[in-house]
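Shared between the two complexes below is chain A, which pairs with chain B and chain C, respectively.
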Partner chain A sequence: MIEARTGVRALALETIGMTKTFGALAALDDVSLRVEPGSFHALLGENGAGKSTLVKCIMGFYQAEQGSLLLDGAQAVVRNPRDARALGLGMVYQHFTLVPCLTGAENLVISRADAPAVIDWAKEKRALSAFLDRMPFRAPLDAPVSQLAAGEKQKLEILKLLYLDQRLLILDEPTSVLTPQEADEILGLLKGMTDAKEISVVMITHKFREVTAFADSVTILRRGRRVGGGLVAQMSTQEMGGLMIGDTQISARAARAERPPGSPPAETVLELAGLLATDEEGIDVLDRVNLKVRAGEIVGIAGVSGNGQAPLVEALSGQRTLRDGRIFIRQQAFEPTRDAYHRLKVFGLPEEPLKNATVPHMTVAENMAFRSFDRPPNTRFGWWLSPGPMRSKARELIARYRVKTQSPESAIGDLSGGNVQRAVLARELSGEVDVLIVANPCFGLDFGSVSEIRSRIMEQRNSGAAVLLISEDLDEILELSDKVAVMSQGRIAYVAPVGETDRATIGRHMAGHA
Partner chain B sequence: MNDSLVVIVLLSLVGGALRVSTPFIFVALGECLTEKSGRVNLGLEGTLVLGAMSAYATSYHTGQPWLGVLAAGCAGAMLGAIHGFVCKLPRVNDVAIGIAMMLFGTGLAFFFGKAYIQPSAPRLGEIGLGDWTGDAKIASALQINSLLLIGVAVAIVMWWAFANTRWGLILRMTGDSAPSAKAMGVSVDLVRFLATTAGGFLAGVGGAFLSLYYPGSWNQGLSSGQGLMAVALVIFARWNPLRCVIAALLFGATGAIGPALQSVGVTQGYYFFNAAPYILTLLIMVGSAGSKRAARDAPGELSITK
Partner chain C sequence: MVEASASVKTGEPERESAMRDWSIRLRRNAEYVVIPLFALVVSACAFSLFLLLVGKSPVMFFELVQRGGFGTAFSIQNTLQRSAPLILTALAVAIPARIGLIMIGGEGALVVGGFASAAVAIPLLERVPPGPTLFVMAVAGAIVGAFWVGLAGLMRHARGVNETISSLLLTYIGVAIMNFFVEGALRDLTNPNKPSTKPIGDAYMMGKIPGTDVHWGLAAGVAIAILLHVLMTRTTFGFAVRVAGGNPRAALAQGLPVGKLIVACTAIAGACAGLAGFFEVAAIQGRANASLAAGYGFTGILVSFLARHNPIAIIFVAILFGGIVASGGLIQRRMDLPDATVLVLQGLTFMILLASETLYGRFSIFKMDAGRDRT
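After this line comes the complex of A and B, so read on.
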């Protein structure tokens, strides 16, 4: 009926006074938001500001305690995600919701509310390829989703919503797993669709660049409250940033301490010698990786995701066995055991820390003590755990790294995405560090935390740690590294000191045309 | 050993595989269905025994063995439903409940089954696959029961349905990623409840085979752990119903090694060969523990592989 009246398919969305509490914490406090039909709306806020909670309330994943939802001006009741879908609301969650064991095609078809009881695959495949022909980008449909790279998964998530013909798309940090080119491509497409008034988009992001390039309007949350918003054209990024952090002071960025000229080169601390690893199918994922990292040096590994970065981090953190090759730390062969990590002071922040570096159901304090729970003062007589020192240490780290949590006793899985990251970093950086391995450390963090975490990494370098930084964000690599390496198809394709190279050269090697 | 002896041994292996494997097929398919939904039901041993008892008792009272099969399925479905219901309560562990249900099922069967140890009930008929050969040995080795054929048919239907029906996809989705299922508005608990119930039905039917066909009577030592071994079998079959059938036949054949050798006069190591299925179970568990392929095919939500 709306379509007939206005010719606009896009939905208008409005929330009035949304409130949602988790225990004592008000994750949302009287939040009102308005999205015009056919607009591209950005939702900004620090980690833990309540952005994900707000959109999950809209989608019926959580029930707000107060407040109402209007769609095209009419009161809507969304009790569960199924209701939301029927109303034309679709969401890409911060964590993927595609089913890993199903293929792309199966994922698309089963997500349809009217999926047939018996599926005629020949017919569905024809319909799908006709659908894909109308889309400006595609994703593989015949492989199980578990075998897709992050970028492909994200495209498939968005394709799924378009396939379901949803008229308002909510995207929770959709670009954090994409390269800047992929992100521009996908957001550009969505922007085109909003301009044509086919869909409205609400996007949560931490990247101002995306806000200014694609969004029409913006809403800013801080600590669960709406603190501002308006048309993007009328606001500067400084203004938005100011609203996001409020009166919190951002600490000054740690500077790179230059080594005195003429001093002898520092000793090599971390050496990767011919690392070779294969995946389940027997395909080489690490193909003779050789790399040296000296003390007081950051070596940044750039590369398009899926070129062996994840296996490399897994190998270094003992999650993947090597087919061949050795890791040396100060000339000693390094086996990734708990004892060796402790003795050689090796620390790290892997990708997806919630999955790879925490136990989600255990408390923040326990997770923060993973490195030290079996040593004094946390342990007496070598076996008796004392929770007291563990808790007080956790309190200190929570304060120092500004981890937003209700208490040290909350389950770490309940923290917002960015705060899990901080909690893990707090654990890993709190002691004396000789070797630091970090993968995408600022993935999904707000700009205040980004600045802070990069400072911490730089501080570690300045105090003599050998840092291996694996990142898909080239700006991060160029800002922090002393030496840049490019990883392509499982091997190190290029190494150069940061002063002797440039973006174009690195980009060429990343794309594999050297 | 001369040729005819080898033929006899092979024939009794095949015969044994066909005869002994049916309960394995049903329990494994039931477990496969349950595990595909993301839950483990270790109680199928109890389901099997209760199914055997119900089938025997029903057949005895009504004189209709197929009614007994149905009763066995219903008894199994009831146990499955209890398991499915209890597991959906918060903080309940499916493995622990499974073990409780195993004890509950066997206990119930022994309690009500006391009266049926003596009397003899009508048994299920058989189909002679080898009758046309005119050779008595071949004919007796290749005698099968229609439950075997039904089991194979169920496996094929399940295998097809997992890939080609809405229900199949929803089941796999629930088993692989509960958050995705929830995001799609699927009731995870309901799917698992139904899968566990249906899985219990299949396992109960497997029990009916034990008491109504082979060995073909009701007593307390009827099952020798088939219900538990099915769990290993499902892992070995990597959650594929068709491979479940093959694995079940393999288990049946290993179980027949001892009797087969005995039939040609090899009595040495008889007990050792009788233990072959259990040794096979162990080897499978050891082998699949480090198998990356098994890990990849496992439903993501399974508590034993998570």
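After this line comes the complex of A and C, so read on.
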């Protein structure tokens, strides 16, 4: 027994010479890493560096071609995720894996490999509460998961792994769906458990702040190779960033072009007038949203997630029908038809682009042509496709936006998370833009890409586009916006020019007491 | 930011990368051939077991299929004759499948389409020459079929009614409507045996493809399959359908008219099945009656799934199943097996085929990946 050996429950993990190729691409090239028992290990690297691939090899989703895995110093064979689970390895994904219509308790019990066919709920409840008494934190167990906030769901995901008695947790960008406060809380709890040697943690992240605040040690990958690592206390974030990107240059951030003082206010381009929408149960998710965005202006919508931001983006992108209200673009009523998108030059980046803006099994080239497949030069006679121009345009965009893909013919679903984001942005920003609607554009991007994407958004603003930026990252909003709006309970609760407001005021409106 | 990626070298010669693109596509597609073939082989084995259980020889069965379906010039023509409606009813499944709908209403559309062709012919006989009459019949069959399946598509789009269930129910309604007229208002009273519409007569029957005993339905089926393949892969309509079928949310965000595309796809499907009914009436039966509902619509479902809803593959799979259907009589006589035996084979194949769906992405030789959830 491990407990008997050292009194430490946490697992030690070591990979030796892991190599995994996808066709001609070496996604992992001889990667060795060591996680001490009871340590909090961060895995860093730019988009497409191979982080997800590495942890998927460890978890048995992929089979590495070479290399071995040691757990507590002993060779371990993981042929599939079930093996990994039996060995005490658990993983939290970027997307939630809980069943939304079941309660937390039900989710925990059914996740057990040995869940009985007929469940004695009274007994299970007792066992669960005994389990929770041993845990340093709680999550609501009696409400359906669909009613929980993102932070609570993420806690539940982690509780699930602990309930399954996993002793090494792997977290793939666990905080991208959380507010900084939620992230700090959850990572703090995990840190407490690693310090108590209950568990070991491997966390993939793009946020240096989380690395320096919570991690003990770090491994940095670049293009599938381990390029550095060590104790966090002995490295600066600059060093880590340098290792991540190697000798490449970060392009200078586009600056905000100020309008000459005294010039008349620019024309209003996008106007939302009394948007009203309800969900399936008839509850208002948009409650008379009114907002104006002028040409050459970025309006940032801040707010705690779940206050109507997602329905607003859906309404603007034709995925949700409005009960009432109109959208006007340059005083014309806007209906989300293909012709209107094209004529009025409306573009957008929804959140979770793989789910909302791509067809995962279609190729990168095809996905990049979604905007233009029915126009010359991609078509002749208005209906005949010419794949040639489509492919060469894709090659150009792939090079310009540095999308890492093996070829334009790869399925877009095979790209790394950050590269899907970049491919969609390339598509949406490649033409002339009048209205741009972006939701959390930098989720899951490495710091180099964050800088570049924000630059591109700023460039669009500078060249006269009206930009609506919906973001859960207040820093992003304060950095980019000309005007800040706060969304709370489905309505716009506050609007102010960025120079005339501050974090505290915005925070108060976000919390709903103002 | 980052320099050009490791894999996409900017200086790479165009030709080399084109070669690689091609090999990626080839690998991906190989899977779609190998797995259905594998499913076919497994079902043949399972069916052999079944035959052994009932005390018959599997060897003899497959020998008879070979002989009765493909052995002689006559049997090959018989096979082709029967594959014509299968191609069309399979297309009636394949096109909606491209937009993510599982439509199983081909049988119903075939019946109402065939009935409509026979019915419009009645007032034209003796007044209008055969050529134009056949044309009107074909158009009527296609339109009524299109309406029939399109209705299921419309209900799906407008009201969210499950299209699989509604298209199946529409099949029963279609058969009932035909029976209602055939046993009532349109019954040919000179034929006391089987309630039918008035026969169109030999002079109005559709001819054979010259030099063969196969009617033009086969040529039409092949041509339509090729046309639809081109429509789906090389036109903007097909592209829009693939986007809407692959991810309706993304299609909406692109402003694509998802509802219209759904109705269009289902109407095309219905027109194909309706045409199958027309050919059955105009080339084989000469009249509409209950034998129109001979199960071609249901076998077409299996054909389309085996062909992975690819119109070109459908041609070949339909010929294979046409052979099995054609050898039915011989098997019945020689092996003393009931008609339903072929249905057992089809049912087994369908089950095994559906089970084999889970194999996609499991074999690393076909792909560069195995997993789904990517972050």
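FYI, the second predicted complex is superposed on the first by the 485 of 514 C-alpha atoms of A that agree within 3 Å, B and C clash if a C-alpha of one lies under 4 Å from a C-alpha of the other, contacts with A are read in each partner's own complex, and residues count from 1 in each chain.
Here is the rule we use: contacts are C-beta pairs under 8 Å (C-beta built on N, C-alpha and C of every residue); 3 or more make two chains touch, one makes a residue touch a chain.
What you see is a predicted model, and the numbers here were worked out from it, not measured in a lab.
Engineer: Kindly say whether there is room for both chain B and chain C on chain A in the superposition, answering fit or clash.
Structural biologist: Taken together on chain A, chain C would clash with chain B, as the superposition shows.
Engineer: Just to be sure I read the superposition right, which of the two partners does A:Asp482 touch: chain B = first, chain C = second, or both, or neither?
Structural biologist: Neither: A:Asp482 stays clear of chain B and chain C.
Engineer: Looking only at chain A, is it chain B or chain C that touches more of its residues?
Structural biologist: Of chain B and chain C, C contacts more residues of chain A.
Engineer: Who does A:Ser146 touch here: chain B (first), chain C (second), both, or neither?
Structural biologist: A:Ser146 contacts chain B only, not chain C.
Engineer: Does chain B (first) or chain C (second) touch A:Val99, or do both, or does neither?
Structural biologist: first
Engineer: Which holds for A:Phe61: it touches chain B only (first), chain C only (second), both, or neither?
Structural biologist: both
Engineer: Check whether A:Asp374 is in contact with chain B, with chain C, with both or with neither, and answer first, second, both or neither.
Structural biologist: second
Engineer: Between chain B (first) and chain C (second), which, if any, makes contact with A:Glu280: first, second, both or neither?
Structural biologist: In the superposition, A:Glu280 touches chain B alone.
Engineer: Looking at A:Ile110, would you say it contacts chain B, chain C, both, or neither? Reply first, second, both or neither.
Structural biologist: Only chain B is touched by A:Ile110; chain C is not.
Engineer: Now for A:Arg82: first (chain B), second (chain C), both, or neither, which partner does it touch?
Structural biologist: first
Engineer: Is A:Ile119 touching the first partner chain B, the second partner chain C, both, or neither of them?
Structural biologist: A:Ile119: touches chain B, not chain C.
Engineer: Please state which segment of chain B collides with chain C in the superposed model; the candidates are 80-88, 116-124, 152-160 or 242-250.
Structural biologist: Of the stretches 80-88, 116-124, 152-160 or 242-250 of chain B, only 80-88 runs into chain C after superposition.
Engineer: Counting contacts the way the document defines them, which residues of chain A are shared by the two interfaces, the one with chain B and the one with chain C?
Structural biologist: In the superposed arrangement, which is not itself an observed complex, chain A uses residues 61, 93, 95 for both chain B and chain C.
Engineer: Of all residues in chain C, which touch chain A in the complex?
Structural biologist: It is residues 1-8, 10, 17, 20-22, 24-25, 28, 234-240, 242-243, 246-247, 249-250, 252-257, 364, 368-371, 373-375 of chain C that touch chain A.
Engineer: Going by the contact rule at the top, pick out the chain B residues touching chain A in the complex.
Structural biologist: So the residues of chain B touching chain A come out as 163-167, 169-170, 172-173, 175-177, 179-185, 292-293, 296-297, 299-300.
Engineer: Spell out the part of chain A that touches chain B in their complex, as residue ranges.
Structural biologist: Interface residues on the chain A side: 61, 80-83, 85, 91, 93, 95, 97-102, 106, 109-111, 115-119, 121, 146, 280.
Engineer: Quick check: in the complex, which residue numbers of chain A touch chain C?
Structural biologist: Spelled out, the residues of chain A in touch with chain C are 21-25, 46, 48, 52, 56, 61-63, 93-95, 172-173, 204, 223-224, 245, 248-251, 317-319, 336-342, 348, 350, 354-362, 366, 369-371, 373-374, 379, 382-385, 391, 398-399, 402-411, 413-417, 420, 444, 448-449, 451-452.
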